[in-house]
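Here come two complexes built around chain A, the first alongside chain B, the second alongside chain C.
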Partner chain A sequence: MENFDLALVDWSRAQFALTAMYHWIFVPLTLGTSFIIAIMMSIYVKTGEEIWKRITKFWLTLFGINFAIGVATGIILEFQFGTNWSNYSWFVGDIFGAPLAIEGILAFFLESTFIAILFFGWGRVSKKFHLVSAWLVAIGSNLSALWILVANAWMQAPVGMTFNPDTARNEMVNFWDIILSPTAVNKFLHTITSAYVLSAIFVVGVSAWFLLKNRRVIFAKKSMLVGATFGLLGALFMLMTGDESARQVFKDQPMKFASMEGLYDGEANAPLVVIGFMQKAPTKANPKMVDFAFKIEVPNLLSYMAALNPNAFVPGINDLVNGNEEHGIVSYYEKIKQGKIAITALRSYKDAKKLGNEAVAAAELVKFRDNYKYFGFGYYNDPHNLIPNVPLVFYAFHTMVGLGMLFLLIFILVLFYLFKKNIVKARWLNYIALWAIPLAYIAQQAGWMVAEFGRQPWVVQDLMTTLSAVSNINHQSVITTFVIFAITFTLLLIAEIKIMLTQIVTESKIKED
Partner chain B sequence: MIKRILNFYIDGFKSMTIGKRLWLIIFIKLFIMFAILKIFFFPNILQSNFSTDEERGNHVIEQITNIK
Partner chain C sequence: MFENLTYLTLQQYWWVIIAVLGAILVFMLFVQGGQTLIYTLGKTELQRKIIINALGRKWDLTFTTLVTFGGAAFASFPLFYATSFGGAYWVWMIILFAFIFQAVSYEYRTKPNNFFGSKTYEIFLYINGLIGTVLIGTAVGSFFTGSEFYINDFNSSFWESPYRGLELAFNFARFGTYINLSLGFAIFFLSRVLASMYFMNSIDEEEILKRAKAQVLKNAIPFLIFFLFFLFSILMIDGFAYNPATGFVSLEEHKYLHNLIEMPIVGIVFVLGVIMVLMGIVRGYFFYEKCASKAIWISGLGTILTVFALLLISGLNNTCFYPSIYDLQSSLTIQNSSSSEYTLTAMSYVSLIIPFVIAYIWYAWKSLNNKKITAQEMEDDTHAY
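For the complex of A and B:
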């Protein structure tokens, strides 16, 4: 590890995290509100009622503000691939390039064409064509998300490729294996449904503010009804896909799974920690040991969540590091050994090829292939460096799940009070709904942290570490761009909030018919 | 047909209210990203330092097998 500039690695990671997290402030609202607007416009086209036109236009304006401020913020991530993560970009080859290229084409043709019709089409195109455009914007923007999430899923569970030792690139063998991998399918569905929940909370929360101010009451209640119904369905699907995702993480990334639950020593009939406070308790044998100061558990639930079997054995961090023969778990010590063999064999293979020694090259290639699946482990000597930040992953996971449950409850209560026709009087609920807006963003970021911090130190699971993925550049330049991004994105976020608040206040002051 | 499409966009842009401010933000943002950040801070390291894919591949192998 002494060969790597750790300051460079840390700053490159910080810069990527900053960009990705800011980008993800804008994206989920676009993904969900596009569908909410399409639903509202469908009601308008079906009923012909002017209020639904007004409602659609209002939420379309907020959607437009968010879309305009957020558009192209993701391109900066692609700049970083070429500059800061050039080893990674080369290593992942066309597996990353192909989905991103499809995303670019889809985003350009579908979104840009139909978004223009959606915004400019009022009275200029037929109602039906206008409505079709609204649905195509929603479908197009969600399909754009599919491709980047497929690429991310491949990094978490690489499939459908083979590594070419002559070019140092992974080459796609089966496109469908990549796109239909269980990790990709679950990641896509869980991410978009969580985006629907955020958008629904946004619509319900803003409408709740209207009700608290006693302005545009009919307008707000109708918006709330669509938002809460869409949110309830989204939240239920989010729970299902989250449950399925957890099982996939258990299978492909057991270290991440153990970290999500702060599980150090594996056990059968493993309980699920519902609430827990971690404390550090390092020992000589286990310098990163962290345990709980306090916890509330549900017996057997973690085993059930992991394997649909309440008695299943769930490996802990210590089982993964030290191995567990009884349960067929290969230790990190063994994987490190095999990783080092793979790295050395690749180097020897290249050297032998250069010298024209084909026999040695062939023998080294066999050695390399036999040990390639643990290639990335070879960069480390101490397996404890392969453990992610457990408290961070644990708290992020529990924050995400806890808030997800809260949102589900909010949607149920809002619908209950809407049907009871006393939502205006339930001011406590309107306050909760309003304050749930920032919480929805926190839940989104927490989810991202579980996925990305939880898989550390990998950029490509088991194969490439963040250490080996970075370009050998001066870390001062990374700090400079980090500061530029931090300022630019913060200004964009301030602009978004300011413009949106102005629009919301303006709308609320219009007198209802 | 082309004229109708052009007029659709021109009329649309003309009738914008808040959209004009948003377009200004988009243009400033794209200018910062492509005219400043991309050119001065984000060169494609492998594209600019090596002329062939073979050289790029060899460089990456050198980097990822260097574990001393």
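For the complex of A and C:
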């Protein structure tokens, strides 16, 4: 570890996090509104009612404003794999690159080609072709999400590859294992459905503001109906896939799972913390320190969530670090030892190859293969450096789950009031719907924090850490680009919000026809 | 079907795909060229609006081509991706930076309450047009002139110039810099020629077209000067060759000239491409009344063929496509920098979709451009930029 420039790693991570978090402000809205717009346009084409055309056009305008900035941040994200994580790019490029290329060929062109038709097609192309374009944009943008999430899932739970010591990288051996890995399928479904929820909250919330101002009531109620229905379906799928994701994390990333729950000492019949306030974590020197100042728990639920068995043992952070023989958990100390053997064996293998000493090379290769599973651990000496920021992951996870439940409730209430009562008079509900918009963005960011902070320090689970993935640059360069990006993205975000708000206010003031 | 190909054939196949994407990208940079002509061609607010809207329908396509080019390079030649992007950090960062602003400028320029004011967004577009073309050209120039990097036996790359890629454009003590820059400026002026032709094809507004016609010639002349300088230079200099059996890299006199001769089909494609670019310019300027609106297709196709051939001679026929002048043996070839045979095979199946993608892009383009953009339309269109 002493050979690594920690400032470089930290700033490179900061820059990547900055770009990813900004990118993810815009993308979920694109993913969901593209479908909402396609649905609205379908209603317009089917009924021919002018009001649906106006509704479609209004949401399309907001979509366009949001889309542009999503594209802008996306290109930075893609090229940052090369500029800032070049060692990673080589180590896993054989696997990670393919989904990225497929994304470009298959999805981006679909999206960008038909988006031009969607925006400019009014009167230039037939209504039918225009509608098909709207659906193709929605499919295209969601396909883009598929491939990048497959790549991300592979980093969390690497499958379908083997390490080639001659090229010093992982190489793909089974394409389908990578695409269809349960982590990939779940990650994709959970991410896009959560994006649908955010988009639906956005549509419902903006419409609620129209109602609060008592403007464009029919326009707003119709938009709300589409938004809330789409949102309700999205939210149900989101909960299902989230539940399944938890089991995947438990299986592949037990440290992340323990951090999500702030679980230091593992237990059978583990309870789920519903609400909790963490305080200082217990340490080796002071194991009696209390980790929670206050918590409300549901007995056995965590065990059930993890393994569909209320009595299952859920390992805590201490079990993972120190090992637990009773439950067959290998300690981080042992993994570090094996990792170091693998690293040394690879070096010796290379040297023996260079000298033409095939017998030694073969022996070293066997040693390497036997210990490769924990290769990445070998870069560390102290296992405590392999624990993520527990409070951050804990709070992010609980924020995400809590808000997810709230959104489900909002959709149910909105639909109930739309059908059974007068929603215009339910001002309290409209206020809640409006204030849910920022909450939806917080939930999205929290979700990615769980996924990404929770797996630290791994870039590729158990195999590659951020330390060894980073490009060999001086950290001053990275600080400079970080500051430039931070300022740029912030200014663009301000511009985006101002433009959007103006469009919303302008639309609300149009006299109802 | 791809399983039966040799590893080398797959590597060549993917280099051809990279060359196709690169060639289409250079053609599509007409959007960038057009962004530097907004004030030259548009003297009134309405004229500028027409120009920006003509470009605004295509910017995303150029952007996507760039992203796909990056993605395909990552997937097929990851060591190049790692070495070049992680090494020439500042060049790529500046290029990327120029592209952040482009994406939002079209959408935000005319929207009320847009924070920066529409003039600022127009400046963003100009900067993107200038930097995007010149620096991408300069970076591609280094495929012929080389860069300063070293690769260790774990395939980790180390850039040896403290200027992190900026030396490609600013190290004036080295002849290679002039070659890089000449390609950069050739692409810049070519993109302006193509943009003028694109306007002739898609806009119906007399005054703009008259000025566009003048711009064809005004930019064609500097384009030719820079391009010919670049061309003669690379045909004259020593190129980076490698021995396919041992991988040993050495300098070879007139390597790129040899490549054109030893791969006669590529040579023919190259000559044909150059002739078509020139033919388009002649038609666009001298036969303006008769066939100016078709000039973009001839020069455009010519551009694609020319760049395609140039990229092929930089990487095929045992040539190092990303040479290192710091350590010759670290130079990247399609053989030592590619993905595994399995990955290339799997992706080759995906590549079969490319003709289909091109077909629908073509169809969409046609259906949107079958009516030319007019001043009247700008006033009616609710989504106009």
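Note that in this section the second predicted complex is superposed on the first by the 499 of 513 C-alpha atoms of A that agree within 3 Å, B and C clash if a C-alpha of one lies under 4 Å from a C-alpha of the other, contacts with A are read in each partner's own complex, and residues count from 1 in each chain.
We take it that contacts are C-beta pairs under 8 Å (C-beta built on N, C-alpha and C of every residue); 3 or more make two chains touch, one makes a residue touch a chain.
Predicted, not measured: the structure shown is a model, and the values here were computed from it.
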item: Partners on chain A (chain B, chain C) - clash or fit; value: clash
item: Touching partner for A:Lys340 - first (chain B), second (chain C), both, neither; value: first
item: Partner, of chain C and chain B, that touches more residues belonging to chain A; value: C
item: First, second, both or neither for A:Glu171, with chain B first and chain C second; value: second
item: Partner chain in contact with A:Ser331 - chain B first, chain C second, else both or neither; value: neither
item: Which of chain B and chain C A:Asn389 touches, first, second, both or neither; value: neither
item: Touching partner for A:Asp94 - first (chain B), second (chain C), both, neither; value: second
item: Contacts of A:Gly104 with chain B and chain C, given as first, second, both or neither; value: second
item: Which of chain B and chain C A:Ser477 touches, first, second, both or neither; value: both
item: Partner chain in contact with A:Ser508 - chain B first, chain C second, else both or neither; value: neither
item: First, second, both or neither for A:Thr113, with chain B first and chain C second; value: second
item: Chain C region in steric overlap with chain B, selected from 21-29, 93-101, 273-281 or 345-353; value: 93-101
item: Touching both chain B and chain C, residues of chain A; value: 61, 64-65, 68-69, 71-73, 75-76, 79, 82-83, 86-87, 89-90, 116, 119-120, 124, 167-169, 350, 471-473, 477, 481, 484, 488, 492, 495, 499, 503
item: Footprint of chain C on chain A - complex, ascending; value: 57, 60-61, 64-65, 67-69, 71-76, 78-79, 81-87, 89-90, 93-98, 100-106, 108-117, 119-122, 124-125, 129, 133, 164, 167-169, 171-173, 175, 350, 354, 471-473, 477, 481, 484, 488, 491-492, 494-496, 498-499, 501-503, 506
item: List of chain B residues in touch with chain A within their complex; value: 8-9, 11-13, 15, 18-19, 21-23, 25-26, 29-30, 32-33, 37-38, 41-47, 53, 56-58, 60-61, 63-68
item: Contact footprint of chain B on chain A as seen in their complex; value: 3, 61, 64-65, 68-69, 71-73, 75-76, 79-80, 82-83, 86-87, 89-91, 116, 119-120, 124, 165-169, 340, 343-344, 346-347, 350, 378-379, 464, 468, 471-473, 477, 480-481, 484, 488, 492, 495, 499, 503
item: Residues on chain C engaged by chain A in the complex (per definition of touch); value: 57-58, 60-61, 63-64, 66-68, 70-72, 74-76, 78-79, 81-87, 89-90, 92-93, 96-97, 99-104, 106-108, 111-116, 153-159, 164, 339-340, 342-343, 346-347, 350-351, 353-354, 357, 360-361, 364-365, 367-368, 370-371, 381-383
